[in-house]
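First chain A sits with chain B, and in the next complex the same chain sits with chain C.
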Partner chain A sequence: MAEYIIKNGFVFDPVLGINGDKTDVAIKDGKFVETTQLANPKTIDATGMTVMAGAVDIHAHVAGPKVNTGRNFRPEDKLFNCTPRRGVERMQGGFSVPTTFKTGYDYARMGYTTVMEAAMPPLYARHTHEEIRDTPIIDQAAFPVFGNNWFVLEYLKNNEIENTASYIAWLLRATKGYAVKVVNPGGTEAWGWGLNCENIHDPVPFFDITPAQIVKGLIEANEYLGLPHSMHVHANNLGNPGNYTTTLDTFKLSEGIKPRGGWGRDQVMHHTHVQFHSYGGDNWGNFESKSPEIMDYVNSHDNITIDIGQVTLDETTTMTADGPFEHHLTELNHLKWANTDVELETGSGVVPYVYSPTIKVCAIQWAIGLELGLLAKDPMRVFITTDHPNAGPFIRYPRVIKWLMSQQSREEMLNGFKHSEKVIDATHLMGIDRELSLYEIAQMTRAGTAKALGLGHMYGSLKPGLEADVAVYDFNPEQEHAPDDIEKAFGNARHLFKTGMQIINEGEIVSNGNKRTLWVNARVNENPQVMRDVKEKFLRYYTVTQNNYEVAGHHYVPNPYVIEVDATQ
Partner chain B sequence: MTKTVTDVVCPFCGTLCDDLEVVVSDDGKQLLEVYNACAIGAEKFLHSQAEDRLTRPRLQQEDGSWKDVTYDEAIEYTAQMLASSTKPLMYGWSSTNCEAQGVGSEIGEITGAVMDNTATVCHGTSLIAVQDIGIPHCTLGEVKNRADRVVFWGCNPAHAHPRHMSRYSIFPRGFFTGKGHKGRKVIVIDPRKTDTANVADVHLQIEQGRDYELLDALRVAFKGLPLPDVVAGIPKEQIYEAAEVLKSGRFVIIFFGMGVTQSLGKNHNIDEAIAVTRDLNEYTKAAIMPMRGHYNVTGSGAVWGWQFGFPFAVDLSRGFARYNPGETTSNDLLRRGEVDSVFVLGSDPGAHFPFSSVKKISELPSVCIDPHQTPTTAVCKLHVPVAFVGVEIGGCAYRMDNVPIETRKVVEAPEGMMTDEEFLEKVLVRIKEIKGE
Partner chain C sequence: METVTLTIKNQPSLYLEADNISPDAFAGKSAENIAALHAYEGNTQTTLGDHFEISGKGGATATETRIIVNGDVSKVKYIGMKMTGGEIVVNGNPDMYVGAWMQGGKITVKGNVDAFAGTGMKGGEIVIDGDAGNYLGAAYRGDWRGMQGGKITVKGNAGSDIGTFMNGGEIVIGGDVDVHVATHAEGGKIVVKGNAKSRVGGQMVEGEIIVFGDIEVMMPGFIYRKDVDLEVDGISARFALYEGDIGERHRKRKGEVIYGKLYQKY
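Presenting the complex of A and B:
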């Protein structure tokens, strides 16, 4: 494989503690190496440019059944944005729900090289993997959802952690999944009857268990196995005024639990898109930001990580396994509503949404996301996302970075809103003068996310031995710049390498790379009871046979990267 | 000695039963018996064993006779035809696996084809309605485990999806439906007294073509508002009663078929049926599902969805994907003479399209890939027989509720026969050469 040396750039690597120093980056055989190990490298001149490891997205909805529902039921999302086959690039299209090809290319253009699909319904795992396979360049993994799964509800009702863990291991293998995802615990099962669980003590109909028991039990099962990532939760009561108390109650379920497995992460709970969970008030009139309360808790508890779920003020497509929430949303905005309940496992809904800067609530949501990022004491535990496409499309990450880095750009927004004064009153953003540094941005998009995923040994840094994923941006931190220069630079990587292959050269995509699908193979002691339960549920309640459930490698995961976990001890 | 293969998936209808057992000869070359399948499913398997089956491509001569050609010649012919067309129609894709659909998409991309599937004459109207209003949907297991109100509207599963009622919708006992059939109320809405209507608790024998009115009347009845004495041939008392049956259920499922999608009103009927389902969610839990016909028509819509963003009628001829049913749908294109060649795989438009369209196909350069001899192969210039997907080669298929299932290979295809995917791969490579990619 070719050798490369990226010379003379301003390097930002929080893992190595490099903060804008001019350092050369060496690539050989797909990995970073010491510069002395290169024999005859090609030189990439990064003079006057910013160099960072490839970015790692911890939470996005980019592949699988609900994403595809979003595509197929929104032809309008492709108006004026379909592009032809060109060079190595396939045809592309879509704004908030881009086609798989566009997804891969757009991430690459932003310097992202690894993306987590945040919610995979197990019964639809094949579909999710088919889409991942057709997404070029980026490494990906998918999180199967567990928070409304009948096995989990029945085991955790009796606090059977070991059985839950065995089942998780079985399901990760069957679906080629990566982590334990929980969405509206118990609430989506309740939605099977048109009901919901509105707080962590609201019992799940017929199953005699509460969301609190589900979340705590899944954290414990996750740590029993010692999986690379922690339990990854979207709590109950998303999107409602006053929901920040439910969020704090959910956070507290992690107290006293320590990470296991030796993957280098410190958290036992990752709470996603916290912007949607940081609301005060008790109606849309007195709706307000509770980000300080939320961030006080996060800042003082090391075993939690969050991502922000930044609202980008676009027309987008919301989609979540939180079935009752999407129904609630369609009643609010009266736009089309798709829903799919999945036998024994989960559910989901999809509704288009227009986040308009002229609507007060949308502008407050916009401010809350940024507050979370700006109030973060430890950027290694607070990550940039838009919960793509829920709060906005991922292609807006460069804009989110601009807002976080520039007080001027934020204040222009705040002052420009139709309900400017009311928005400023209901939020805290106006008073915050913090401007995040490139070093902190690298923590929030690379070093921190890789660490939280248990992938610090592969991604997130330029350290020799790691996968050679690196982005070069046309941004000179030593020169005067306008806020928009930040957005432009982070949206148009000048060069990009993925596992040592050159993907972007001088701003042009030159290769479809060699994308891999990561999954976790957790080995556990034999558990005849769980295997009996699995067999019984397939015989009696599923509509596919057990033998037709497991996702085979060849077609669905043609280029796997398996992370082995030994939980037999 | 024989072998029994279990968990076999039936590649016939959208019910996609996956519990078949197939007995094959010890050498894996002959398929002897099929268990658990319905008659039409079993027939599909046994048909692959026909003695007179074609195993090599053949080219129609000027005088209408057929000449055997090699696969290599067939690949060259197909590649040349597609590469030299300005706007080929690539139609079908409903009876093949997702692997083949994916390769087909790339051929379509390079040659600027219009990609269309059988939804165009079937549930395309449903797909349009979903684009208007969305769809509250669920997997078939939700129906099995929860549904206590089951509606069949304009569909006759007793004939078209024979095992649907026993596996999912009427008879099975599930987690919350331990009483099975006894715990369910079944409503059939159909102008005919079908075999499905015979097992229903209520049969609303609607006047032909009046579906929209009756759906609308149900929405009025849910709200307890006044109705005319008779709507769509149904007395108002029956409509109020049906509305009450639905509202009082714990979980309502509405299945609908070609009787509503292709009758007067078309996509507007489905809009209204989905609106009925939305309304019911104010009172209880409700979902609605199209009874998709071909076993993997759903899969082709899924593959094109993630590759192009549209589920059918995808026009790639301008270099990027466009979708405009009525303009980019197969029959409209054929009748207006807007395509200059036709490629068919995994469907039989010769049997299902209007005569005027079939005539156009017969006048154009055309290739048909199909294991069977069909009305379509009879009018195409080149017929390429291939291995049966789901019998002689596996691959992914999407059930009517979008659940993807891996079909199985149970026997070997006759010596030297290609699969859809292999054939398309070779055509793709050749087209890339011709186009200098």
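Presenting the complex of A and C:
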């Protein structure tokens, strides 16, 4: 394999503590190495440019049935934005629900090399993996959803952590999944009765278990197995005024639990798209930001990580396993709605949404996301996302980075809103003069996310021995720049390497890479009870047989990267 | 006002996507420059010059540019797409998407148009001397933003699904229409001087439909309210007013529920 040396760039690597020093980066056989180990490298001149490890997205919806429902029922999302085949690039189209090809290319153009699909309905894992397979360049993994799963509800009702853990291990293997995802715990199951769980003590109908029991039980089962990533939760009561108390109650469920498994992460709970969970007020009229209360908790508790779920003020497509929330949304905006019940496992809804800067609530949501990022004391635990495509498409990450790095750009937005004064009153953003540094951005998009996913041994840094994923941006931190220069640079990587393979050269995509699908094989002691329960549930309830359920073979996961976990002890 | 004349010389073997036939694209250009503007035939990029004989030149702006299209253009799509001003006269029967997403100016077709004419139209005027196809003044597939402004006049008949998701503007049909009129509409006005078939105003939230002739099958979601005297297009007559679609959501104004209005002439 080719050798490369990236010379003379301003390097930002929080893991190695490099903060803008001019350092050379050496690549050999797909890994970073010491520069002395190179024999005859090809030189990439990064003079005057910013060099960072390939970015790692901890939460996006980029593959699977609900993404595809979005694509299918929104042909208008592809109107006027399709590009024909060009060089190695396949035909691309779509804005908030792009094609798989566009997804891979657009992430690469932003310097992202690893992306987590944040909600995989286990029954449709095969579909999810087929889409992941067709997404070029980026390494991906998918989180199966557990928070409304009948097995989990039945085991955790009796606090059977070991059985829950065995089931998780079985399901991760069956679906080639990576982590334990929880969406509106209990609430999506309640939606099957036309109900919801609005706080963590609101019992799930029929199962008679509370969201608090589900979340706490899944954290414990996750740590019983010692999985690479922590339990990853989208809490109850998303998107409603006054919901910040539910969020704080959910956070507190992580208290007293220690991470296990030796993956290097410190957290036992990752709470996703916290912007949607940081609302005060009790109606849309007195709706306000509660980000200080939320960040006070996050800053003082190091067994929690969050991502922000930044609203980008675009027309987008919301999609979530939070079925009742999507129904609420379609009642609000009267746009089209898709809803699915996924048998014993979960549910889902999809609704287009226009986050308009002329609407007060949308502008407040926009401010809250940025406040979360700017109030973060430890950027290794607070990550940039847009909950793609729910709060906005992932292609806006460079714009989010601009807002976080530039007070001027934020204040231009705040002053430009139609309801400017009301938005400023209901939020705290106007007073915040913090401008994040490139070092902090690298923490929020690479070092921190890789660590939280338990992938610090592969990604997130330029340390010798790690996967050679590295982005070179045309951005000179020592020169004067306008805020828009930040957005432009981070949206158009000058060079990109993925596992040592050159993907982008001088701004042009030159390779479709060799993408891998990561999954976690957790070995547990034999558990005849769980295996009997699985068999019985398939015979009794599922519409498919167990043989037609499991993701197996080359077709679904042609290039797997298996992370072995030994939980037999 | 400068005039550009396009006369088709080579028929495309597939369909020609010629959204560059618009005063906005032609403004400030010579015949030679216009001939170099691109079009698509399937996945192959061609030029307007490959298919048309071009004479004259564009005006300084779109508003000062007039385009005359001659010949058999039944395989040419997107004439006048997104135009903001100026004028197009088509002496023939163009294919789909005439004046789609149009914002201003005027298109006159001295023949028939195929489907999707005036899709998502925001302003300006389209006059069709012959018949119109399906989805006249409708929304693009999947979109909830149909015709929002401007006026479409069809002297002949129109096909099905006219004014789907219409939010504003006006469509006047001289003859008959096929099924589905103003489905999902939230505004705008459709006048049908001839007969309508069925599913008129289905899932209509707001807006007006005025039918001079028969409605073969009335939607069950429309309720007769009263008789009213109206003047429509210079004709004064008595109409029966129906309101609906009662199966849809409707907003209130000053405590009163606003329905879609369907007037039928006695």
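Structure notes:
The rule we apply is simple: the second predicted complex is superposed on the first by the 569 of 569 C-alpha atoms of A that agree within 3 Å, B and C clash if a C-alpha of one lies under 4 Å from a C-alpha of the other, contacts with A are read in each partner's own complex, and residues count from 1 in each chain.
Throughout what follows, a residue touches a chain if its C-beta (ideal position, glycine included) is under 8 Å from a C-beta of that chain, and two chains touch if they have at least 3 such contacts.
Since the structure is predicted, the reported quantities are computational estimates derived from the model, not experimental observations.
By the touch criterion defined above, A:Ala482 lies against neither chain B nor chain C after alignment on the C-alpha atoms of chain A. Once the two complexes are overlaid on the shared chain, A:His334 sits against chain C while remaining clear of chain B.
Of the two partners, chain B and chain C, it is B that touches more residues of chain A.
Of the two partner chains placed by superposition, only chain B is touched by A:Val350; chain C is not.
When the two structures are aligned on the shared chain, A:Leu539 is found in touch with neither chain B nor chain C. Contact with chain C, but none with chain B, is seen for A:Leu79 once the two complexes are overlaid on the shared chain.
Within the superposed three-chain model, A:Ala2 lies out of touch with both chain B and chain C [touch as defined at top]. Common to the chain B and chain C interfaces on chain A are residues 73-75, 77, 84, 335-336. Residues 6-7, 9, 18-19, 98-99, 102, 106, 109-110, 127, 130-142, 144-146, 167-168, 174-176, 250-251, 278, 281, 284-285, 287, 301-303, 305-311, 316, 319-323, 395-396, 398, 402-406 of chain B are the ones touching chain A in the complex. Within the complex, the chain A residues that touch chain B are 63, 65, 67-68, 71-75, 77-78, 82-85, 90-91, 93-94, 97, 99-101, 123-124, 126-127, 130-131, 134, 150, 191-194, 206, 327, 330, 335-344, 347, 350-351, 540-545, 547-548, 552, 555-556. Of all residues in chain A, those touching chain C in their complex are 73-77, 79, 84, 334-336, 352.
Those residues of chain C that touch chain A in the complex are listed here as 43, 140-144, 249.
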